[in-house]
Structures are given as structure tokens and as C-alpha cells.
Amino acid sequence: MTMKVYLSGEIHTDWREQIIEGSKDLDVAFSSPVTNHAASDDCGVAILGDEPNKFWHDHKSAKVNAIRTRHGIENADIVVVRFGEKYKQWNAAFDAGMAAALGKSLIVLSQPDHQHPLKEVHAAALAVAEEPRQVVEILNYVLSGKLP
Amino acid sequence: MTMKVYLSGEIHTDWREQIIEGSKDLDVAFSSPVTNHAASDDCGVAILGDEPNKFWHDHKSAKVNAIRTRHGIENADIVVVRFGEKYKQWNAAFDAGMAAALGKSLIVLSQPDHQHPLKEVHAAALAVAEEPRQVVEILNYVLSGKLP
Amino acid sequence: MTMKVYLSGEIHTDWREQIIEGSKDLDVAFSSPVTNHAASDDCGVAILGDEPNKFWHDHKSAKVNAIRTRHGIENADIVVVRFGEKYKQWNAAFDAGMAAALGKSLIVLSQPDHQHPLKEVHAAALAVAEEPRQVVEILNYVLSGKLP
Amino acid sequence: MTMKVYLSGEIHTDWREQIIEGSKDLDVAFSSPVTNHAASDDCGVAILGDEPNKFWHDHKSAKVNAIRTRHGIENADIVVVRFGEKYKQWNAAFDAGMAAALGKSLIVLSQPDHQHPLKEVHAAALAVAEEPRQVVEILNYVLSGKLP
Amino acid sequence: MTMKVYLSGEIHTDWREQIIEGSKDLDVAFSSPVTNHAASDDCGVAILGDEPNKFWHDHKSAKVNAIRTRHGIENADIVVVRFGEKYKQWNAAFDAGMAAALGKSLIVLSQPDHQHPLKEVHAAALAVAEEPRQVVEILNYVLSGKLP
Amino acid sequence: MTMKVYLSGEIHTDWREQIIEGSKDLDVAFSSPVTNHAASDDCGVAILGDEPNKFWHDHKSAKVNAIRTRHGIENADIVVVRFGEKYKQWNAAFDAGMAAALGKSLIVLSQPDHQHPLKEVHAAALAVAEEPRQVVEILNYVLSGKLP
Amino acid sequence: MTMKVYLSGEIHTDWREQIIEGSKDLDVAFSSPVTNHAASDDCGVAILGDEPNKFWHDHKSAKVNAIRTRHGIENADIVVVRFGEKYKQWNAAFDAGMAAALGKSLIVLSQPDHQHPLKEVHAAALAVAEEPRQVVEILNYVLSGKLP
Amino acid sequence: MTMKVYLSGEIHTDWREQIIEGSKDLDVAFSSPVTNHAASDDCGVAILGDEPNKFWHDHKSAKVNAIRTRHGIENADIVVVRFGEKYKQWNAAFDAGMAAALGKSLIVLSQPDHQHPLKEVHAAALAVAEEPRQVVEILNYVLSGKLP
């Protein structure tokens, strides 16, 4: 039983690396968005031509990135969405909404002080974790039946 | 041609009333979440019993609210998502993600200083407006073919 | 906003009547299985001819009943499944599984001593109630935004 | 022609092992829920933190288990559901309902004295067997065309 | 509870009229193919121009008829397929296959001497009747819960 | 039996009026894109603000128009696509592709000298007509069973 | 580009072998029903127990066979349905109807004197051939672009 | 992460070869229609028999080609549609419409002077490029996260 796992959300800490490293003995195939912030912001104009207007600059990049992110979410069995400490992170919540509507198993990785504003997202999740280690433990349990 | 429009997001200003009032001569059926903040927060425990733990208090309410919000989104032709000035508003972005995944026509109502963090949501939208009046104008155009 | 509600499960008490009576001022359209136990058991052979073998006797009836129950579940916005005190009630759990797989909003009406064996069904539900009155309150809240 | 088979239901006898052993020469990929009863009951709190309330204790575990069981059912070609002699087994009937709604080929493994309460589940099945050996024979026939 | 019923198959006897007449007090909306044999055979060339080749003559008509028959089947809750005494009737079996694949409730109306060659179609049906009266009784039972 | 018909394509002749007038006694609900060329081209900037770049000017309008056209196509039973004598008409072919992928009954209205370049579109259609009168005759036949 | 091809229909001549042999150098994965007539007729009772009534004898077998045939059709890219000279062959037309409803590419292999009664099936097909050799040529062209 | 990319549209220049060559180090599986113009035009009659009428000559070929093109589009993650300088190219726009309706990531490769008539197709695309090199850069970025 191979599990395909998409790792969505916050790109400023090493939570993806922790999960991937912790799951290295499991039959899991991970995918994720481009996590290079500058490349992600500029891919549209870098490839398809400059835009003087910031809206269209961002629009072109968001659409090119969507080729990757939608593929990742649509092909995943499990979508893990991480909410970090900073920024608006509406793209993370947007991905969670897509995952829920597509019937994916949703795991949310968030911190206690975000509990109230995340209640609708949590309500759609099959697990709410606070630490990357817990996500590894879930994957390990789901695949092997073994508890930590 | 009747249009079913779901009005998602910010509940602290009268943007819904403006749109509904402005569209009163159009063949539109509006739906929306419960916009009474206190009722929305407490519906779960008020009906199904108290929870000492805030997580489960919120969880019960979020699920009861989901009965209404998912019905609204799944049955809509158009989903309008309003991002206001304050709060995390992850439920708004979550609704936008659901709408996009379900193939609904998405209209985002947001302000210019939120342009960058909303770029992924904007990229999935068929229109990005700043004023409720513009949403009315879109509905009027879509239904009657008339421009303001 | 009309809600279509299918009332599945236990047929030996008046819980359906309580919910329908309590919701008489709401914009709800209820449907349910045939609750006449004898008719439900014998409809197949009564219409399509006797079967000496009990398996096929039951099989013919179960399939004729399925014409009605699947129509009810597939067309519902909300599926309420009631587990009573007695009997195996596997058809109730089967209906709950169908409702979950079809993305319906599931409300379970069950008693506390069934909590553990119903945990998988509860986990798929948006509300777990113990009294028909609570289902009425949920419907009232979902439609009107008003708490009891 | 590889067949993916999910083995749902009763976890107290060796029926899964009998089927897997009997099918060892067939091109079948089996999956199943976690069958360690204690791990299955406690996985939620063991990984995500204790819950004093038994409802939420069970709820957390049921959701973590759902990551595995839904993956198994959704990816299966055939879902075998075994009803044993004891317990409520509503999760087995729930899985059967999901399998039916998702259009999976459903095989029910049950005993004669459960015939009447299982009639709705049997009516949705493509085969009703009493012995694990018969499930092996079905798999063998479906894959090789050979009868026992 | 309104039921939409599509009446497919044999067009040489008055079985449709019997069912419609017998169901006149029920909340059923019937649809059917064009049962004027000559019009059905020639509609393509009559409207879209002659074809010297019989294959294309028939092809044009079969496609124009498909506009009606697919609409009927796709919008039905119940598809009744009648196999008569004569002719190949492959279009009836084709309609039954479409109905089965679309998850419609299938009722087959056939005679005993066709039992063996219809076994695959019967296996996909929720009822196998021999007389139009029985179809009326099923519709009556499904809608009212009353047995004959 | 009501039929919902979407009239896509060429906007420079009165073919839509001919079909609507000719079908006035039939139970048909027609929809169509905005056929005011100037409004259709400028709706985006007129409502949502000017764009100096022609690409984004057109982009905004095309997306606002898509709210109406996708609603029309997705809700139609039949999609009629008219190819006229002039212009690229890629939007007409695009609509035909959407209709085909969504399983709609497609009727193409085109002229003989476009036969070869339209062969892939014709191959997906249930009827290929040259005159609006023929579309009326098809609708009349499909609804009433009567030939002209 | 691998093509999955299901070979449905007549089981009394070697048409399947001809197609498989002719396609041996192509990247095609074939599947088919059990073509051993006796095994196919008796698989149900041989595995699941005798039935004195011929209807249920056939019913049990038809359902066991459906596990294989539905898997084959649902997983195919192309469904080839062969109509032979004899028998009612309603299962072949039923399979064609399923294939059409599921959006599979349908190839019909039939003889000229069956043209009229097969017109509805032909109208749903992407190719109508008379010889197994032509099916091989289609597969070869579709995969390699080469004509015979 | 393997990407399946279908290359639709213009067949008179070497744009496909440029993209495939430029992507040779990426984990991409390309598919495309038959690009031999003569074979594509004549495949129907070459395999299935002559047609004196040009419409049916083209019809037979278009349907045989559809076996390949629909397989390519339905199985693709990304559909690239190239509009060249000449011809009507309605099949390209038709493919783009299918891709959009099926939720594929659409990349359009077109030239500036076609901007206005392609606005509806562009509005459905996640990227609009002018050079094959840009498509390669998008694929490289989507797969590796690296910008040119």
C-alpha cells in the first residue's frame, strides 16, 4: 500500500524535511509546491514575459504554480496542510478547501493559538497535529499499523 | 436563467445586504452562512451539549455550520468570497478552495493591500472586485447582458 | 433555501413523526423508507411472486425497497440515521456508509451506550444527537440561523 | 489483470489470512484495516494527545483509521465484508454502504443466521459467501476462469 | 416524492399505456422514446437530408433519437426496460446497460422464455417483472408504501 | 419533458431568433451568451477597471463572460453551436469541446464549405444541420415525435 | 502509450485470438469475460451452492461474472463488442451500453445483416468493423499512426 | 512526480519535437494525435471501407482519430494546444474546450495576432506562451522548481 502525500502550506521552516526524513522507511511518495519563495513569486514573468502591473505579475505566477499544486493535490491520497506563525496563508486554507472538496484525507498541522480561526478547516480534517513528528507517526500507523 | 449565488466570507460589514439590495430586480437566489457571530460560534454546544475543551466546542459548531455552508456552496452557480480587513479569514479561503475544486464560478471581493497574499485565490477566480457594487454589476451583466 | 432530508433507520418508535412535526414551519422536504415492517419484508414476493427460499424472499424485497431508499439518499441534502435499542440495524449503518460516500451531510441519532461501536459512523457525521428534538433544532438553525 | 481487494470487517478470526494464503498464486493485491484491536482503538490519542471524554477519544482514533480504510475502499476493485458472530459490527455495514455507493464489487461473507438482518447488504452484493474458501474460489474464478 | 420513470424497449404492444394508466394517481413523470416506428426510423433523413447508403440513413436517425433517449435515461430515477417476443431488441439491452452504468434503478419487464439470455441484464436489475401490472404495483409501493 | 438548449457561436445573424421563434410552441428553455459584441468585448474593464494591455483587457471580459457561458453549457441538455462564414470562431469550437466532454447532446449548425475543418467537431455531434429550420425540426421531433 | 482493450461479446469463434495475435507487437493489454461457456453458466452455484430455481442459478452466476466484466469494462480505454450470428446476445448490447455511458471508446464488430437492429449501438461507436483484422488495424493505427 | 502531457493542435511545424527534445531530461510522458496529415485524413476509409460522400469519409476518420485523441486528453495532466498561422484549426480549439471541461491544466501556444479571437481559450488556460521554448521552461519549472 503506497500512499501519495502532498505537503501544502508554510515554506519558511523545515517541516517538510522533517516529515520526509522521518518517513524514509515508509512506502510514501511525497509531493509539494515549489518552496523557493523567489522562484514561486516570479516564475510567471520569468518565463512568459514581464508585467508592469503587480496584479498580473502575481497572476501569471500563481497560474504557473497551479499546474504543479493542482496536480499534487488531485493525485494525493493524503493532503497535509501546515499553517505557520506568520503571513496570511490564504493559499494554505485554499488548498485545504480543495482537498476537502475532492475527498482527500486532510491532515492539518497547526499551532494552538490558531485553533479558533482554523475551526472550519479543522472540522474537515481527519487529524489535527501540532508537530511534524505526529504526522510521521500517523503515516507510520496508517501504513504499518504500529503505534509510536 | 436563474442564478444561485452563495455569499461567503466576512460577516462584519453590510456587503451582503448591498449586493442583495442591488440585485433585487434580478433573477438571483442568494444563500449565505449564518452571519450571527455568536450563534455561529456556539450552535454546536447549544444544541448538542457543552464541551469543556475549546477545540471540541468549536469543532461541534463548525460541523453544524458545515451542513449549511456546504449545501450553499455545492448548490451555487456562483460563489462570491469576501475578504475583509481583519482576522485570519481562513474559512473564507477554505470556501474559495472548495468552490474552485467543485468548478463553481468564483468571484473574489477583496481590497488592494491583500492582492499579494490572495494571488492563488485570485488566480482561480473569474472576477476580482473591490466593491459590492461591482458584484452587482457583474450579476446584472451576466443575467441581462447590460453594462452599467 | 429548501433542505431535502432523508430519515433512515429504526422504524419502531415515532422519532420520524417527532422530527417532521417539530419542523413543520421549516422549508424541509422529508423522505424515508417504507416503515410498515410487514410490507417492507414482503413487498418483493407480494408483487413479483413467491420464493420458497427465505434468502430470495428477502432478496426480492430488499431490492424493491432499494428503489425507494436509494432515491431518498441520493436526492437528500441531509441524511439522518437513527440507531435504536434493538436489532442488528445493519441497514442503518449501510445507509450511513452510502450517505458518507456520496458526500451527504450525515446526522446520527443514537444513544450513549452505542457510542463505542458507532465510532466509525460518528466520525463521518456532522452531528451526533441523542434526541429527535436536537435534530429539529439543527434543522431550524441550519435554515433560519436561530438557536433554541 | 490485477485485482485490488479490500478485506473489511470482523478482526477476531483468521479469515483474512485464509483468503490471502489461498490466493497466494493469484494476481491480487490485498489491503485491510489495522486489525490490532488495541492499536485501532487508541491510535488517535496515542499520537495526537489524550482525551478525557471517551467520545472524543474514540473520535480521534476513528478518524485516523479512516485515512487507511477509505484509501483501501476507494482504491479497491472488490470489497469483501465479513460479518462475524459477535458485536454490533456497524463499521462493517458502513464500509459495505460506502463500497456500494462507490460502485465497487461487493462480496459479503456472513453466516446463515444473519441472513435476515443483512438482506439490504446482501442485495447490494455480487456474491454472498459463508466460508473464506468460497471467496478464494471467486477470486480464482474471476482471475483465471477456473472453477474449483 | 416525485419519481421520474423512463420506459424503454418494445414498441409494438400497449405496455406503456398500461403502466401510465395504472399509475395515473401516482406522482410519477414518465418519458419514453418516440414509439412511432416509421418516424423513428426516418427522422434523420427527413430533417437532415437523404442518404443513399442504408447505414448512414439509420445512423442519422439513431443519433437524432439519441438526443431524446439519453435525456430520458439520464434524467430518470427508474428505467423500465421491456423485452418483447420478437426482434433483436439490442437497443433495449443497450439502454439497460446505460441505465446500470449510470446507477439508475433498473426494472426489467420480460417473459420467462427469455430468462437465460437476459441473465446479465436481470442481474443488474432491482426487479424483474413479467406483467405491466407488476411495474405499476412496484411504483405504487415505492411511492405510497402500499402493497396490492 | 422540458429541454434546456444553449445556443452557442456566431452572433452576427438572426439564427438564434429564428430557432426561438420556430420553437415558441415547444417546451424548450433557451439560453445563450451575451450577443451584444461591444458589451461582450468590454464587460471586464467596464465593471472591474481599465487595463492598458489588450491581452488583460480581453482576459477580464472573457472571464466575466465565462460566468454566463459555462452556466449555460453546464445546465443545458442540448448545445447548438453555429459556425458562421467569417472570423476565427475558436470560441464556438471551444464551447463544442466543452459540451462534448460534459456529455451534452451536441448539434452543429454549419455550412458545407466548412465540412472538412469541422470534421472533428461534427464527429462529436448528434446532428449536423445547415439551416436554423432544421434545428427547430429536430427540437420539435425530439419533444413531440412529429416529423416536418 | 498503452491501451487497455476489453473484448466483449460472442464466445463461439476465435475472434479474440485473432485480435490478440494480430496485436502482439502493440502496447495493448487485453481483458475479456470468461469464455468457457459451461464455467460461465455455472460459476455461481459451483462456488456458492446449488439453486433449484433456474432463475437464481443464472442470477448467482451472472453476478459472479459481473465482478470480472465490470472490472474489465471500467478499466478499459477501448471496448470492442462482437455480435455473432446466433443467439440473443443481449449481454453484448448491455456491455456496449455500459461502455457508452462510461465514455469508453466503443468499437463494434458485427456483420452487415445486423446493421438495422444494431443502429443505436453503432451510433454510439467510434468504429464499426466487420472483421477482426480491421480491429487490429485500428489498434495499430491508434498506437503507431500507421495505416495497413 | 511524472507529468503526462498531451500536445494538441498544429501539425505543420516541428514544435512538438522542440518541446520533446527540450524536455528530454524531465520526467514527462508525451502523447499527441497522429501528425501524418494524409494518414489522419484517410484512416477511416483505409481500414473500414470507402465512402463516396466526403462527409462520411471524413466522419469515419475523425472517429477513429478520436480513439487516440480522447485517450491522450483524458489521461493527460497537462494539455498544450498550439495554434499555428494557417487553417481554421477548430479541432485545436475543440481539444482546448475538452481539456478545460475535464479540469486539465491547459497551456496555449499561440501568436500575438491571434490574441483577440483566442481570448476565451486563453481565459481557460494556466499559461499562454508564444514559443515552444517557454513550454519547456514551464515543464522544467513545474517539475524541478528551477527557472531558466
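Before moving on, here are some points about what is shown:
Just so it is clear, A, B, C, D, E, F, G and H label the chains in written order, and each chain counts residues from 1 on its own.
Just so we're on the same page, a contact is a pair of C-beta atoms (placed from the backbone, for glycine too) under 8 Å apart; a residue touches a chain by one contact, two chains touch by 3 or more.
Computed from a predicted model, the values in this text were never measured in an experiment.
Repeated interface, listed pairs F-H, C-D or E-F, reference D-G: E-F, with more than half of the contact pairs matching by residue number. At the interface between chain G and chain H, two copies of one sequence, fewer than half of the residue numbers in use appear on both sides, so the contact is built from largely different positions.
With chains reduced to the mean position of their C-alpha atoms, the one farthest from chain E is A.
One copy, chain C, sits rotated relative to the other, chain G; on C-alpha atoms the angle is 180 degrees to the nearest 5. Computed centre separation for the pair chain C/chain E is 31 angstrom, with centres defined by C-alpha atoms.
Chain G has its Cα centroid 23 Å from the Cα centroid of chain E. The geometric centre of chain F is 37 Å away from that of chain G, both derived from CA atoms. Those residues of chain E in touch with two or more other chains are numbered 63, 66, 103, 128. For chain C in complex with chain B, the touching residues are 1, 3, 77-78, 103, 105, 107, 125-129, 134, 137-138, 141-143, 145-148.
Taken together, the chain F residues at the contact with chain B in this complex read 31, 34-36, 39, 42-44, 46-48, 60, 63-64, 66-68, 70-72, 74. Listing the residues of chain C that touch chain D in their complex gives 54-55, 58-59, 61-63, 65-66, 69, 83, 87-102, 114-124, 128.
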